[in-house]
Structures are given as C-alpha cells and as structure tokens.
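Two complexes, one shared chain (subunit A), two partners (subunit B, subunit C).
Presenting the complex of A and B:
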C-alpha cells in the first residue's frame, strides 16, 4: 500500500523535515517514508523505487513530496494523517498561518509576562553567563540549563545571586520542581513534605520518582548544577542556599541532599547547614558509602534508599532497611536462568545510560564488588574508555555526555543514539548483559520504551542468531502520572524481552547478580 | 531600519520579491529571479544573499508575513511597513581569501574526515563516508552518480557528472546541493593554495582546478532544484559561500591541534539538519585521491 502527498510551494526548515521523516519511518507498519522536495532527480528516484503516482507528475521543485509505503492501508492512512497534521502545525509559507510570536530576548519575554520571577535560560554556552547576569540584575531567579559556562563565571553569578537572595540553579541544571511546577526535565510527582536539593539532574528525577512511588510527595526540588559541590571555587553556594530556602519553607518537613561526594571541607559545611535546619535530613553522596547518622542527618547507600528514608521520616516512622522487590534467592534464580542461555564467549556488562548520575550509581555498585569498569565519566587513568564510542571490557557509558550530544539531541529526547549503540554492543560477541535506564517526564521522548523496544528485540535476535543470549536489564525513572504512561512503557520493554526493575539501584543489583554468575563461569 | 550587515549580492538585485516563509530567526523572500533573499538575526547565518537585521526580530510583532510583497531597488529593500537601507552599511563578502586558508595542510583533511565520521549527522549524504549506515536511497543514488565520475576519463567529465546530484536528497536544501557547494568550496580552497601546497593536500594534480565548462554544466542544472538549493548553488558557483562554511575552513586552517578541528567540524555540522554534514562531505570529496574511496 502506497500513498503520495504533495504540498505546493512548501517552505519548511530542514530540521523539521528530517524529524518528520524519522517519525514516519518509525511508525508501526510503515516500510518506507520519504519526505523530500519535488526536484526532478528526487521524483526520478521515487519513480525508480515505485513510490510514484499521478499526483507526483505535477510536483515542482518547490513542492514538498511525502511518499509513504506501508503494510496495510490503515497504517499508511494513519501516517499520512499524522504527516498532514504536523505540516499544518508547522506551516509558514504560501499563505499559511503566521508563526506564533516567540520573544527572542529576556526583555521581550518580560513584556509578555511582566510578573515572571524566574527565568529558564537555554542558549549557547558563550552567551549563557551574560543572559543569566542580566536576569539576576533584574531580580529574577535563574535556572541555567546551558552548559559550557566557565567556573569563574559560575562563581560570579552565584555570588551575585546570594547577595540578592536569588536562586541561581546551574549551569547545566536540567531539573527542578518549584512550588509544584516542573521545570525542564522533571516528572509529575505528588506534592508533599519532602524538599530536595541536588547537584544532579537525573539523580533528582530518580529520587523524586521513587518518593512518589512510595507514596511520598515533593515540596520543592532545587537543582544546583553539577559543579556546585565538586569545585572548591564554587564552594557549594547554591547547595547551601537551597538548604537555607528549604529550612524556611513551611511545606518542607524533610530535606534530602543528593550529590557526588564533595570535598571534605564542603561536605562538612553542607552537613552543618543541614543540622542547622532543625529538620530531619537524608544525604546521599554517590560513591564510597558514608552510612549511618550524624545528629538529624541520615546517610543513605543508594538513591532509592534515600527516597525510602525520606518517606519514612516524613511519616514520623523509622526506616527499615531494604526496599528490594526481589529477595536475594529470587534474584539469584533469575540471574541463573539468564546466564544459562548465554554462549561461552559472553562475558562483559555494558551499561548504556541517558542519565549521568544513574550511570555513576551503577558503576559504583559494580566497582564495590570488584568489577573493573571502564567509562567515559571517569578521569582516573586506566578507568577511562579509550573511545567513548566503542566499549571494551566491562563498560558503563553516559550517552548524555557532551561528546555525544554536540550537534544532536540528548538521548532522553532522541533515543536514536542509544539504538545505534545497542546494535554495536550486540555485534560484539563478548557482550553478556546490557544495563539501561529510561527517563520519562517533561522534556523526554514521547515513547522512549517503544523506540528502544525495537532495537532491543533486534539485538536479542542478532545474539540468538549466533547461538547466544543477550540479557537486558532496565529501569524506568518516571511516575504513573507522566504523560508517557509508565505502565505502557514498562510493558513495551518487557515485551521486547527486558527485565524491568523499579529503580536504577535495583536494576544494577540484578545486573550484578547476573555478572557474578558470568564471572564465576570464567574463573 | 538599518541592517548590521548586508550580503554582497543583495544590492545587485532589483525588482520584486514575495515573502515565502517567516521563522523565529529568519524571513525568506523569493526574488522574481527565483533566488531567496533572507533577513536573518545572527551573523553566523550570513550568505551573500542575506541581510542581518536583528532589530526586525526584536520587535514585539513581526512586520512581515508570507505573501507580503517587497521591492528591491539596489540601495534599499522596501516593504509596506518599513524600509531597509543598505547605503553605507557594512557589506559581508562571503568569499574565501588566501588568509583564510594559509594554515591548511593535508594532515588536517584526514582529521576533518575522522571527525565528520564521528560527529556528522545521518540522514543526508554522510552515508557516502560511513560504510555501515543503514540503507538510504538518496545515498545509493549519489553513489551511482559518483561512480560515473570515477569512470570519467577526465576531470571535465567528472564535474559534468556532479550535476546529477543537483536537487537530490532530503531537506529543504536538498543534500546534493549542499554536497556540490562543499565540492566547490574545496575547489576554491585548492585554487587559493599555492600549487605545491595544493598538490600535497589534494594528492593529485588533476583533482584540483575546476574550469568554466564544468561550472557551465552546473549552471544549467540549477533549474532542476528548488529555490533554496538554487540560491545556494548560484552563490557557490560565483565563489560565494555561507558564513558557517567559510568559518569552518578558516578554523580548520587556523587550528593548532586536533581539538580545534573537532570544534570546527562540530560547529559546521550544527548548521541545518544535515546541510553542514553534506557540505563537508562534498568538501572532502575534493581532497580524496580516489573519490569513490568515499563510499568503497
């Protein structure tokens, strides 16, 4: 079944046309989709492959031709309807509708919403500090989504913010929830008494989603930007200010802090500040564990535990260790079944993550068990992947790293990068297990598991074709209220043969069970 | 209104134009000669047929909508609501100069190729470089066209074959047009290099200088593409290239290390959906000792 649409004198931008082509090709039941200008050579080509009709005879070089071939009439009709709708929305030319006015400066935006008190800035790095400075000078809180801002500029901006009593979240801050409003990449979570401050976007999403799943709720979630506690020069200014803000927030009864382990001096400042709030607090510093308690501050061993502790505290209950959905014995049985189907040469775990903190959490867990993990998020000699584009040995890759995202969308938005990488890993006969994270919520892809399911199935088929078995374990960071529909997403991954666990920590623990058994085969 | 920069070819146009598209950072006007003149917000998007006029995009409501008529009189561009005055405004040339390519070396070409393979965007002609890309019917066609060039007895015949790519491919500017622009940019780079340097870069003297007959063939083929493609080729055939490509060549030439080349390629690749990637693929085509090696 084939159908050709022709739009006369169509002027669309290339990025839109490319995304439209990709979206059509990915639709179920669609075999081929071509979106191209009606030039002589393009029309000739369409004729060669049989995607031609009477309508295309009249097409001119300035006309847009959409040619779709599908397995059924319904699939083609549905794809055509979606294409028409997208083109209509995007129409700019030939007497089409005028584009809705979108301000291109801070001043323009403030004219439209003069009462705004927070600005989200997402511009190329070289302009980001300047825009943030202007916003702070106007008395606005700032969420700086952009990265590539120097440490010196970050220090200057945060000093200004602190002086003026304003939040300066970022740079490279992708997640926040303020007064119930999710900003950038955030999930739809229940409101409640738990306030978060995090120097990690995906960490903040993971903890807030776990809290929601456990029945708790979020008062505020403040992002600080990854360097806030990592770089001595920034001195945790926004972390300290965030804690101070939560101290005075009447809705917040429990405070949670998430970060990579800060320098000792900064850690001490953060802990003192938390104690000073007089509220029960939970701290999760990724990396070597600092479990236990210091005054009103409890330390958690992983992000899911941080959520469980916070929920318990918010209810005035004591936290009882273990939130695992599988017992040790069950996990061991599942792992056994996975490993028994593998071929003898399969020996390595490959973690392909969209969330940087989720990658680190998995990596830390494996390293604590003695696995040597290579990664693009490491800096220590001997632990860095030679090329982030090619795995070797046990590898955990943060696909959201700059090296992958320059010139293309983040893998939370566009899953194609991970799809390509899954295919590469499946082609390596030594790959035993793929560990994946999927992040739902605002800003993320509309059907991330649907997009991944196809590449997962293909990868599994490829490995099965050479007599092996590819184990794939995943977690989904999201809530039932996220627009992607958590239950549906989970079902899609499970149908493709993935083992889906309720948190990144639990997925990593199960992966560890599998890899322990794989390792024992090689001993 | 006073523009901050005026493309060198804009004052050459007289007559009428129609606004055909209005985007948040660009307004395109179709001149009666079938060329697109663009009002743009950022200098990085300059071409010799653009007028950089940030003030237009800062207005609360835009003054132009698709269908509006515009008059060009050489000194000004007149719309119903405002006049854009070119007189005395800085002109943007859009040509490559010897200064731009003084540090261009053969070793840098291979680094450009290596980076493009890693950073280039799929969907257009990158498949000519990447052997493992999924099936792309436009790339398959381009491979056939380029294979004919391989078999061509002379460089003359080869560039005649290149016109088979005009209008080919996806995108509002078809990939083939971007690719050819890249080829012409490569030819221009070689022309500006001294013959010894050019030989070292291209590896093969016969690959170097394009002659008028070849360009004539491309001039004739221009009507086979759409307005955006025609506008790009019209400029490239006269030695005018978009700012992002000139900047890419200049940055590669000035680069002192691999990292700077990577940044230069990444910036170029960020232009359009695949335009930057396709143009750089064409640029590399000029420097291949064995052009079909691109896809073999």
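Presenting the complex of A and C:
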C-alpha cells in the first residue's frame, strides 16, 4: 500500500523534514517514508525507491512531497495524518507559540526590524550565496551556515564583506558566539576576555568549552568557514578580518586562532597579523606540531592546551603545566585493566566522530605515535578508507562528512547513524577500542548520551557474549550551562561502561595508552 | 581594513534575521535574542533559469 501526496507551495526546512521522515519510518507498519521538497535530487531518490507517481513528476523545489509505503491502508493513512499535523503545526510558528508574521523577503524583514544587524542563512547551498550577497549589500553582517557554496562565490562574498567592513562568517560556518549569544551549533559559555577566530566548527566548540571549564570566558568567537585558510583563493580574508576586529575590541585581551593546517603562505600572514595586534595570542594549527613561541604568539600542542594557555594569559600568567587529569601512571593502570579483559584477536582502534576537527585531533595524535590510521578525512594514498562505511585496520571516521549526511541529519542532530556504526564495529572481532566524541549545545540532539548509552551497552554486551571486552572512551564537548545538562549526560555514558574524559585530547591520550598495550601484545 | 562596523556590532544587542532552519531562530529566542524568522522559499519556484535572469536584472 502506497500513498503519495504533493502540497504545492509549501516550503519546510531540511532538518525539520529529515526528522519528520525519520519519525514516520519508525511507526509500526511503515516500510518506507519520505517527506521532502520536490527538488531534482529528492525526486530521483523517490523514483529509485519506487515511491513516484504522475503527480510527483510535476513537483517543484517549492512543493512538498509526502510519500509513504506501509503494510496496511490504516498504517499509511495514520502516518499521513500524523505527517500533515506536524507540518501544520510547524507552519504555524514552530509549536504552540503565537503566530507571527513572517516576511518573505529581506526587504520586508528590514521594514519590521530596521535595527537588525546580523542575518543567519541556512538555506540550501544553491540559493545561499545569492541571499548572503543581498544581506551584505544591505550593510548586514552575515553568518552563512549553508555549505555547497562554490569557492568563487565565497571569494566574491568575502571581498564584498571586507570592502564594506562586515563579518562574512562562512560558508559552512556551523558555530559562532557573538556578544555572549551562541549562534547555530554553539555552547553556552561564560563571557570573558578571550576572543576566538576559528576556521573549524567543532574546534571552536571544543576550545570555547574547555575555556569555560577552566574558569575563563569568551568575548567573541568568530567562525570563518573551513576553507578560509585552506584555500589559497580565499586567502584567509575572514580570519584576518576577525583578528583585526578582536585587536580593536576592548573586551578582548587574549586572541586564540584555531584552524586545520593552513597553506604556508597564509599561516605566515596570520602570524604577522597576530603579532601586529599587540595582544597575547595562542595559535593551534591542527597537524604536525609547531610548538614554542614567536613574539607574542604561542603555539599549542592540542585544543585543550590552547584553551589552558589562553586562560592563563587572560589572568596575566604564563602557562606551564600539563592539563591532563590522569597522570602517566594512572592512565597506564586504567589502560592495563581495559586490555586485560580483551580477547586475543581484538587489536584495532575505531574512532567514530561527529566533529570533523575532533576526528583530526585524535588522528594526528595516533599518527605521531606511529599508528597507521585509515580515514575518510584523508587524501593521501594508502591512508584513505576504501569505503567510508566500513572500517579496516585502525580507523578514524568523521561521520559528519557529506558522504554520510546526504539526505539525513548530521550525527550531532540525529545519533542513529553512529548507533548503526557502533553495531557494525562491535560485530568485527578485531575491534578493541571505540573512541567517541559527543557535542552538546544548541543545534545538537537533546539527549545524545542517552541515545549513545543504549547502543554502547548493546555493543559491549555483544562483545562480552563472545568472550571479549570492548573498551569505549569518550569525551563530551559542552558546558554546565548547555540545555542537555552536562553532568547527567556524563553519568549516562559512564553508567553504560564508557570512560569519559574531560576533553577530546585527553580521551585520545587515554585511548593511545590502551592501544599501545594492545599493540605490545601483538609484537 | 576597516572594522568600525564590526566594533559597532560587538557593542550592541544582536538583532537577527533568520533565513532557513527554524530551530536556529527558536534557539536564539531561548537566549533572549531578538530574532525575526523569514518565510523563506526558493526564489522563482526553484527554477534555475529564472533565478539567473533575476540575478542579471538585479532583483
């Protein structure tokens, strides 16, 4: 039994539709369900799964398609009714709030709130640059969450922004904190004297949360989008602009820069710019270690250390001590206990990450210790996973990569992708250790550790059933002020048998202790 | 590099126009940010040719 409905001129955002689709699929008696806009890609997908009718043929990107296949007519009708109800509720103000007028154009919006100073844009990529351009031309700062925007468009937008003295954060900028307010995927952190500019979303979240945990605070945290320092054509325009803004911001006393390793020429520019601020600065470029100091700029070895250095500098102190919560000896003892329970064939680490930069931080650490890691975030021959969907050897996977998120929500929003992957890893008798990240804050799932704890318990049970032991080490990027409740989230993971460390770096270090001991058994 | 407008932004309350994912506007409201969500739809019904034409006309 199939039912396909097309609602003309009814537009809904992709995250809402993906979550609605997931909820329908989980209903009893439902075999397949799709609630999506009538874009070419979606119509192609509907054809592929056999949920296509004459009516869908004429559907346009502004038309909503509800396609459901179920075992009985009743199940399908009930699912359709529920879908329509959810859509109606959404179009009337997002659930219970009083209905408000929503302008269809930026011009209309500015008539209602002429004092607007920022536009947050998260429309599909093919329309995103157009909307950002219009906002900049109206003198508004822009946070562009959307991805799939071309480099040429990015360059053009950032050139316009620099000319006009505006922020152009993104494309693909997932997080920022302006004036103490978290934007898109961001955590609630204390305000304070540390300013951040980051070309990495999960990097910005990790460092700002570590700063908060250490008692420091954030003045402004500016996201630039990942390509800002990676692509020569973008030339670090927003990174340099962000540093300049923090230089002149009286609230900012220390500046922190986080990025994946930039092109050499761009790195030099950033460092000169930082020196020119006259403020103490901390830089963390993920990748091969660049430690030490250049004038007023200190280099950190990992993201947690960047936070610790910044907090010390903001207090007028120098950073001297390591921030590890477990000593070498303690970590070694914990690792020993984990490894002693494993079966003889268990030998590989499997990192399953929602945060791309967190995955890279773990990978860099393991590689420095001589582990050969395969990953979907690598490009070097011999280091790329043959299939991102299947781990082999030591593997670290960024589950937020496009290959996993086409047509389904990011794993920070919907934990089911990682749940499926945990089950796969547990079924592999050679898996010794799972290394995980959890990101809290706005935008993220309401109970990520609760969801994860269930699949972790199952996985541990499965491995124990065949006489082994699955070691699981995790970290939680979040603060006590995030709505998910950090303490409760941690408790849920610990109750499921996970070792929870205070940062991604420390989780990776403990994982390394375990894997060194595992490796020594195989020598 | 003139950052006067950014300094101005840093010294004022954020006032946001949200175009796209509804949840971003909901979350900003929880943080007491003044936010106006737009009823955004693909321009020209998502017709690529028409969009390109509108761009040329500066609309």
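Throughout what follows, the second predicted complex is superposed on the first by the 413 of 523 C-alpha atoms of A that agree within 3 Å, B and C clash if a C-alpha of one lies under 4 Å from a C-alpha of the other, contacts with A are read in each partner's own complex, and residues count from 1 in each chain.
Definition applied: contacts are C-beta pairs under 8 Å (C-beta built on N, C-alpha and C of every residue); 3 or more make two chains touch, one makes a residue touch a chain.
If you're wondering where the values come from, they're calculated on a predicted model, not measured in any experiment.
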Inset, instruction - Tell me which partner A:489 touches in the superposition: subunit B (first), subunit C (second), both or neither. - result: neither
Legend entry - Which superposed partner A:471 touches (first subunit B, second subunit C, both, neither): neither
Legend entry - Touched subunit A residues, subunit B compared with subunit C: C
Inset, instruction - Name the contact category of A:13: first (subunit B only), second (subunit C only), both, or neither. - result: both
Inset, instruction - Examine A:277 and indicate which partner it touches, taking first as subunit B and second as subunit C; both and neither are also allowed. - result: neither
Legend entry - Contacts of A:184 with subunit B and subunit C, given as first, second, both or neither: second
Inset, instruction - Answer with first, second, both or neither: which of subunit B and subunit C does A:376 touch in the superposed model? - result: neither
Inset, instruction - Could you look at A:224 and tell me whether it touches subunit B, subunit C, both or neither (first, second, both, neither)? - result: neither
Inset, instruction - Could you look at A:49 and tell me whether it touches subunit B, subunit C, both or neither (first, second, both, neither)? - result: first
Inset, instruction - May I ask you to decide whether A:106 touches subunit B, subunit C, both, or neither, giving the answer as first, second, both or neither? - result: second
Inset, instruction - Would you mind listing the overlap between the subunit B footprint and the subunit C footprint on subunit A? - result: 9, 11, 13-15, 39, 61-62, 94, 102, 104-105, 108
Inset, instruction - Within their complex, state which residues of subunit A touch subunit B. - result: 9, 11-15, 17-18, 21-22, 34-42, 45, 49, 61-62, 92-96, 98-99, 101-102, 104-105, 108, 111, 389, 406-408
Inset, instruction - Write out the stretch or stretches of subunit C touching subunit A in their complex. - result: 1-10, 12-28, 30-31, 33-34, 36-43, 45-48, 51, 55
Legend entry - Residues of subunit B defined as touching subunit A within the complex: 20-25, 28, 41, 57-58, 60-62, 65-67, 118-119, 121, 123, 137-138, 141, 164-174, 176, 224-230, 266, 269-270, 272-275
Legend entry - Residues of subunit A that touch subunit C when the two form their complex: 9, 11, 13-16, 39, 60-62, 90, 94, 100, 102-106, 108-110, 112-113, 115-124, 126-127, 130-131, 135, 139-141, 145-146, 162, 164-167, 178-179, 181-184, 188, 220, 240-241, 244-245, 248-249, 251, 442-443, 483
